[in-house]
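Notes follow once the structure below has been shown.
Should a chain be cited, it is by its letter among A, B, C and D, assigned in written order, with residues numbered from 1 in that chain.
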């Protein structure tokens, strides 16, 4: 999976969980959990959607890597070689 | 002169419907018009004036006074591939053809397991207000809107009168179009429609925030008049023109009540078992948590329409009744 | 509709015979045609006898109206029609449907409410339809089909097609307003309509003289300005010949024709009514002119039918009906999820 | 007994037209039957000899009851008047009571004959009863069985508690003594009279945290029901006088969204300051070792699909609910200077609304929900809270509330109680802390659990008992 697809997939997953979130304005390294005031329920749904879309199984231990757009994209690329 | 320099296109509801008929007859030779006095007499309300001369007796057919026979013939011709438009002079005489409409037109597709759609359009005049007394003043759209298998339309504006016929003819299933008698002389400017006129949605004729006035057909002008009076008192009323009575545009009704939290339904039929009752029930089901007051209904008094003018006016829903209902709802 | 598996593909009786050269050929052709008429009538008779059994064993339900005794009318009239002509029938329609060529299996499956029925299980005995054969079905409203038939005829005439629409109805329907409105409209507009009144002397439980002031229906029909005459509804060849004459007149553009087929139903109006309204002896008298035995006797006299051959026809029809019942009982029922299908053409999604 | 019409369930045999030993052909009338509508000759569908008449004239039997047996044709065709001794007709079965086939008949039930008539060639001899017999009625089902011991039943009877209405909190849904005691206590309390309010007003009150009982309703036309304007006015606090009913007051101009948030802020301010003013809070806190819980949680999540994962919060909520059951003094309301125990543990969950504002709808009987159920209920509740689709009951009857600010990174939170409740439980973030484990220095995940309680209703010892219960419950997560 190339970088742009990964980034798009992460942005889409965020906007499905929080429809009115301003995802476009998110910088690649912003911690979107804080910026978008995502609580643990929102974050769990985000993980659910992302793993569904990417087909990658995301464990509890992996979640620390998913705090920023670029971090999440790297995670996806690493796990879809 | 119109703003864009074209001559002011002033027309009436009657002329708009006539133009729709002419356009339909020209566009498709499967289309033909059939009904009592639609040809030589030019239509009981003058809607089909001049069409016999232009299209000839084969395609503009005067019928004997046999509603069941010529409505049934319309159904048969539709089964055989034609696209008939049958005019029943008024809804009052349609009762003689109700069996053909219900047991044949609306039901053949289902009974035949999907083999026999009936692409038929039936137009009829409806409503009261011209001192025609009990047998010529009925409002029975609700009876027909009760029947699964047909579509029921109520064009209230010039635009709908002009542009609903084409999509109705294109519908593979029977479509009933009710034209309120008091609308024929309404005149105004008819602009070409921006996007195609659909048959599935209601229209917001006047946006507002404090109360929704939900109505159709001949009652629309009275609702719009009520809006002016309510605005003067600082009440912002929204007017929803249903346009389609089956299927009802539930989404539009619910969205409006979600905005205003109050609703008045205006319907010229008798209250009991009326279309207004159905709309009110759906609001209670869909928008219960949005209601800040009980749904109000403004309908005709439950009396055979009297002849005397003042009595008829008292029986019919009037603007004042609508304003009073709005006051009860806004509190 | 799947045709019954092992029946001989029947030559469609409706096609007129090519011109024969010698007298012998003509004789053989007549024999062959009589054999087809006989088989068509027997198919109806045996089919409906089986319906009686299935109904008693609660296998088929609802209202079932039997045609036993009137077979000559359906088979005779159908002999004069082409596949492009249209037929509108009533609730007593098994005979019309089978004569029109709808497979016994499709009709039986419909009466079992299965998806392989000719109306998909949605119509039942009183609403058999087959758009491909222009069979515009039964109507359970007495005379409800008459205006429909006028419309079919109007459409064909407006498009310059030489087709005829044939509408079956009973002496009861002759008293409905819709008959008089339709007859007038058809005559007024010269529609290509064949009105076949199956006068079986009873409107359910009301004898002809107790429902009509003037019982000569053909004469009354003529008053609408259309050719009208009566014919012996028990003689299939007489019916066919009369129907042919009427249809030729219609195709020549002389407007609607009216045929009064005087016939009789040997069983009750519908499955098991008290039948107290007519005398047993009257039924026996009419049974002596059973349309099937009239034809078989005539064929025996002319040496056209041996016992062996009759047995073979009977055997073939019994097999066809056995198969129809078996297939119907195994055919699938429509899943409940499809309830709202066919309410409107686009009714994949439920439209309130 | 054939079905002789669409609406026929039974028929009365009037007379037999044939007797045992008679030869019958397919289609022959063999009996006369009377239905509600008419008397009809019944024909038989088989050819053979009548062997036995099963039903006597005068008997009424349901459709499908076999009426007679038809044996095969005798081998040599019998001349009509047979010389031999007349065949003595066996006595037909005695008249039957109209309802259902009797044992005797069931015993005689035979394989129903195939309906198609027999082929021309003679079939093997077997008697052919005409119709198929109806099936036996299904046995009535056992009434619902309630798991409760004799002592509990006795206690329930004495305190007038209907066991049917109780949720058994014991293992397998068994009703325990405390369940009954709690129900008895709750039943004693007078229910606050239901306030007449429009549905939208009720919803708005929930969102703005306005207690409907305190709102005077100018109401709409019929009856002075509380309407939305009244609730907004109450939320604005007593400053603005309510316009006299019916006067030509200026109509409430509809407010854009920002206004609505400001109104909510004011409402929360009003509620919290009242709570602080009226309720003498005492505060307790404890540190809970979460190692066992977190290990169990990660193992569970590893084994289950993404959609069924659990959050630490689920375990905390379940522990808080089960502890509230163990310490009922904290699970109820302080009204008119006395404590009323809640009818079951309805756990209020503080939900922050996007763009500001807070609401604490209740998870009903949270103590009885299995963890996956609790998780789905939580997701649903939060989603509906944020779209304003909460039900009136969810908003008004929480018996104890939990606030969990772990998401926002706070470790310890001392909240303000939601009146008229008497307790608020707080959980911070689960963090790794150095601590002594069996005398050695180790790093363990821990969470700080706090309790704010109403000193009028309970004192410190009860609060302490609650927090130790929470701690204990979290040590064996598999029982949550």
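Just so it is clear, a contact is a pair of C-beta atoms (placed from the backbone, for glycine too) under 8 Å apart; a residue touches a chain by one contact, two chains touch by 3 or more.
Computed from a predicted model, the values in this text were never measured in an experiment.
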| item | value |
| --- | --- |
| Pair joined by the larger number of C-beta contacts - A-D, B-C | B-C |
| Where chain A and chain B are represented by their mean Cα positions, the distance between them in whole Å | 52 |
| Euclidean distance of C-alpha centroids - chain A vs chain D, Å | 38 |
| Rounded Å distance, chain B centre to chain C centre (Cα mean) | 42 |
| Whole-Å gap between the CA centroids of chain A and chain C | 71 |
| All chain pairs that touch each other | A-D, B-C, B-D, C-D |
| Interfacial residue positions of chain B with respect to chain D in the complex | 209-210, 233-236, 261, 288-294, 328-331 |
| Chain D - residues contacting chain C, complex | 2-6, 27, 35, 37-40, 43, 45, 63-64, 115-116, 131-132 |
| Residues of chain A defined as touching chain D within the complex | 18, 20, 37, 39-41, 44-45, 47-48, 51-52, 57-61 |
| For the chain D and chain A complex, residues of the former touching the latter | 297-298, 301-302, 306-307, 309, 311-313, 352, 354, 378-379, 382, 406-408 |
| Touching residues (chain side chain C, partner chain D) in the complex | 49, 52-59, 61-63, 271-276, 322, 325 |
